[in-house]
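In the two complexes that follow, chain A is the common piece, with chain B as its partner first and chain C second.
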Partner chain A sequence: MAAAIPMKRVPDLSVEVIVGSQLPEMVSQPLTPYSSEAISFLGALSIRLFANPSIRLYPDVAAFAYWCRRSNLTRLSRSFDTQTRRIGRGLVLHIAPANVPVNFAFSLAFGILAGNANIVRISESNHPQATIICGEISDLFRDPKHTRIAAMTRVIKYPREHEITAELSRLCHARVLWGGDVTINHLRSMITSPRCIDICFPDRYSLCILGAEAINAADEQAIDNLVSGFYNDVFLLDQNACSSPHLVIWQGSREDVDNAMSRFWPAMEHLLSTKFVPPAIHAVDKYSHLCSVAIRLKGCTSISRQQNYIYRVRLESLPEKIENYRGQHGFFFEAIDNDLEGLKSIVDDRFQTVTCFGVSPQSIIDSIIEAGVNGVDRVVPVGKALDIGVIWDGYDIIGTLSRIISEQ
Partner chain B sequence: MSNLEKYVDAFKETFMVQDSDLSDLKYQDIEAWDSVGHMALMATLEERFNVELDIDDIIEFSSFEVGQSILAKYNISMS
Partner chain C sequence: MNAPDFSDWLEFNPYAFSADVKSHKLTKALVELTKWHSVQCESYQKILNVLVENTGSVNCLEDIPFIPVRLFKEFDLLSIESDEVFKIMTSSGTSGQQVSKIYLDRKTAALQTKVLSRLMSDVLGKKRLPMLIIDSPSILKNRQAFSARGAGILGFSMFGLNVTYALDDSMSLDMPAIEAFLARHHGSPVFIFGFTFVIWQHFVLSLQKKGIHLPLDKGIVVHGGGWKKLQEQSVDNDAFRHALKSVANVNKVVNYYGMVEQTGSLFVECEFGHLHAPIYADVIFRRPIDFGIAEVGEEGIIEVLSLLPCSYPGHALLTEDLGVLLGVDDCRCQRLGKYFRVIGRLEKAEMRGCSDTYETRT
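Right after this comes the complex of A and B.
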């Protein structure tokens, strides 16, 4: 390891250090993006996580482990900018979200891959997924092979809205901020170093576009795959993730759509009934949300439900600010919108992911670009809503967390 | 260690199965080879054989036997 370059030392703040030694011992000497140190560390983490028996209980940890396997990172490194010389920005502060337990790990991995030293503040929710991942990282850091990454990495906890965030914000070169709009606005109001950049992941709204003809023509296997993909998108995180759909847009004639609905939703119900029994509180929440929506939102034409698993509100047309009516635990609005004119008229910068089946993703992206709207950052097949990657919320995260050293 | 031994080891370590269970083992035959087990197996094979499996091959990797012909495409011969 090269001699440590002088940097502003991180002061000894009163935080609980989950991973790494005390904060003042941190080294912030950036590496190049996709450095061999970063890939070797994350690849080793992937192997360790797969060897941990408790991974079987947490598909989200498995998905993270699978993403950070060496071969995938090597593949990503090849598609990364090779035209310019780059290096990490320095010290990155991550304020991780509480609603998606493994996102802190992705955020950290992005920071490491970009070549940075990283301080990750995780929520106090004590997710078991965080315990598993942090435990494996700590064990790996005892291996001298990973000394450099270990010196550049801290995972910490401290109470929300604490002065500590302000102090760390003044020190770092970049911040990755996850949270609700109020949290993000609060964090953005803090004074940072003048060169500090922020990547913000605030509340977003996501939807699904389904082609009725394709659903009606699909064989049983294709329907099984579709509903299990939709299940993963929505129910793995209880419809709480930003990329989980809350609105289903149908395309096709009214008759085709009616047929497709009566194929799709019962198949969903059947799958759900094999997975879990909905807690009574969720049913009550959905029912009271339904009543509230019926009172507040104009244009609801009918209401359907699949037992207490799924509540659906059918709309004649798409109203503005539909994102303010979102429910949880399997609560959907649905409407027919064949040319996407309705969608284009309501999209704003809150709209993030469009999942689709039986409709070409390319044509959806074309519509978004032609209309010149401010929302929709992502169009992926049903089943891929939660697959976070190095491009997220419209950012090239690795590119943004590194700086270019130009020659001319 | 031969390629076949490495291949067999990857299955045994990932799924905790015996040699005798392997020859006709298929995806979802055993509890351990579910979607999480599949990710673990693919990650292990990529690591052991130092290859990057194509996404289509990962999806088509449906049994102990099929896997051998898939790896053959990457010049990993079991014989």
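Right after this comes the complex of A and C.
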């Protein structure tokens, strides 16, 4: 099948191959998006992961396994472009982030679903999540049912070395690049094949919009759900994820907002105190950041603390470049912005996710579009900030990683 | 506003005040310093605006607003005009790391020296002693600014006579220099000074390796600078003392806890192995969970207070060290005030999140 197709071979580079056979044996003969091979492989991976006892320890692995269920992928395939004939672009190189352990798996799954052969460079951090997922993939690849996907898939490790990335960049048809701005700029400065496209996921900034009236009117169960959703959005990745909120915009009268704050934040503090004891260095980090912000940012007038779990800096108005003041481990700026005029005046292309509660997502999207601003790619309910999907950072990833064969 | 003047504190014995008496006097002095710095240092004022909702409610040392010691790495914080800067001290960070910059005027530098001298006379006696420095003389030559190590050596050298460096430029034992020093001061008390890690790595281990034994039975070793590197080698205070006894027959080993951000007001170890707060300074142990006050015996983040910092707002600093208060006013050595133990650096936590990736690693 594959041997008859002439194609550029991937050279034998000095990398550690975690999943798949040696690189030169790789086949990069693309499939159609949401091919039966892809769905059958990812669906089988989902089943295997759920059967793995260690999944209990890693909610992020469980979230990935849940996402790549056959039923979910079939649902996604139905809503994918049915108007045009499509095929994968060919070989996709993924540079996965070091500190979000399962992102490499999503990136790979997107590449497979789009119909591509994929080389995924994972970090050398040796996350147990990566070991679990790669182990299950390797086992599945022994099953002859998955021969085609196996021939098209490699997960590799190599030191942060320019040359190997450069060589792979010259070979591939698309690159999926995750990283900080410096990394992305560095990777984009490399020479690629002229047709190669890049999908870049650089540093982003995210916020949360809360409706005060809705919080004040909510029953205990609704508040519990809200704070546990907010906890997941912020604390699962120490507030370092691009989609974790750093700014909380309140809507409502001053009185309603004050009441809602004194309901929401103590509930948040209570939940945090049942979840974990933060490392002492986090307290020092947050306190240091607070002092640094006090010096650098005009107009921060007061600070509230929920022990050392949460630091909140109250702002009378939203300053430009607020994304440069982001903290970690539960550090927020808060302001009232009823008509979102303040937000619209500071949004730039770094803004990614808006999580919301008690405010209609549709109305937020309406004001983003009406204002014609360059940022905000995602408006989702509180609790969904980290739910990565085939539409991310404003890209239709499956669409972008496949090409259209037009008839006219 | 006139700069606060605490030179009259030098008239008291450094451990003369019980915790109650001291808390009262030191609180007054530190409130004065807080006011001074808030007028003189704009950045400090901005921090106070955010931190302190209700100024004037300071009733005890624990109420004095504190700033993180890390801030001196990020900002130039000074409470004097730039033409009054007499010297700039820097922390000794490894290359690439940001270093703290501490701005001193003549008055602050002089008071640091006087207080240090007061504290050291308690350890070394009133007379200056022949001094062996366990370091290389190049540590002073190679830097323009005063590194913490260089500044420490220079500062302590004032209490020595016939100052001799025990290590050469490659940090190896300079045996001819050591032997000449020993021959000259045979049988008399000598002052041996160095940084904890340097003494261990380049003195104790080198002597052990070469099988050399030095007759320093009248030596007084004073060392500081932190245990971080020795903890990695599982060397604690006891092991350190024993090793010095075995390679050089040293009977008196005195550790101190101090930092370049509060030069002068050191916390010096007593004969029972406890670090003591002198009247010019104090320690507070804060709970990581809410910065509340830890009880005796309970670990906490160390906050250090000192009345010396006048040219920069460093009189109340939250360190990145963990320690534990052992007791108040009741150490067997009879020194009054708080005594404590330093446990070590706060551990860096692993970074999670999507921005750190391919090229950079923290």
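One rule holds for everything that comes next: the second predicted complex is superposed on the first by the 403 of 408 C-alpha atoms of A that agree within 3 Å, B and C clash if a C-alpha of one lies under 4 Å from a C-alpha of the other, contacts with A are read in each partner's own complex, and residues count from 1 in each chain.
Heads up, the rule we're going with is that contacts are C-beta pairs under 8 Å (C-beta built on N, C-alpha and C of every residue); 3 or more make two chains touch, one makes a residue touch a chain.
Everything numeric here is computed off the predicted structure, so don't read it as measured data.
*Asks:* Quick one: chain B and chain C on chain A, clash or fit?
*Replies:* Aligned on chain A, chain B and chain C fit with no clash.
*Asks:* In the overlaid three-chain picture, which partner chain does A:V248 touch, first (chain B) or second (chain C), both, or neither?
*Replies:* A:V248 sits against neither chain B nor chain C.
*Asks:* In the overlaid three-chain picture, which partner chain does A:P97 touch, first (chain B) or second (chain C), both, or neither?
*Replies:* second
*Asks:* Is chain A touched at more residues by chain B or by chain C?
*Replies:* C
*Asks:* Is A:Q307 contacted by the first partner chain B, the second partner chain C, both or neither?
*Replies:* A:Q307 sits against chain C, while chain B stays out of touch.
*Asks:* Quick check for you: in the superposed arrangement, does A:S123 touch first (chain B), second (chain C), both or neither?
*Replies:* Touch partner of A:S123: chain C, not chain B.
*Asks:* With both complexes superposed on chain A, which partner does A:L42 reach: first (chain B), second (chain C), both or neither?
*Replies:* After superposition on chain A, A:L42 lies in contact with neither partner.
*Asks:* Which partner chains sit in contact with A:N240 here, chain B, chain C, both or neither? Use first/second/both/neither.
*Replies:* In the superposition, A:N240 touches chain C alone.
*Asks:* Report for A:I346: first if it touches chain B alone, second if chain C alone, otherwise both or neither.
*Replies:* neither
*Asks:* Looking at A:Y287 after the superposition, I want to know if it touches chain B, chain C, both of them or none. Which is it: first, second, both, neither?
*Replies:* In the superposition, A:Y287 contacts chain C only.
*Asks:* Between chain B and chain C, what minimal C-alpha to C-alpha distance in angstrom results from the superposition?
*Replies:* It comes out at 21 Å between the closest C-alpha atoms.
*Asks:* So which bits of chain A does chain B touch that chain C touches too?
*Replies:* none
*Asks:* For the complex, which residues does chain B have touching chain A?
*Replies:* That would be residues 14, 35-37, 39-40, 42-44, 46-47, 51-53 of chain B.
*Asks:* Sort out for me which residues of chain C touch chain A in the complex.
*Replies:* 43, 46-47, 49-51, 53, 67-68, 70-71, 74-75, 288-291, 301, 318, 320, 322, 346-349, 351-361
*Asks:* Which stretch or stretches of chain A touch chain B in the complex?
*Replies:* 43, 46-47, 50, 55-56, 59, 62-63, 65-66, 69-72, 74-75
*Asks:* Going by the contact rule set out above, which residues of chain A touch chain C in the complex?
*Replies:* 95-100, 103, 121, 123, 160, 165, 178-180, 182-183, 186-187, 201, 203, 237-242, 244, 277-284, 287-288, 290-295, 300-303, 305, 307-308, 313, 328
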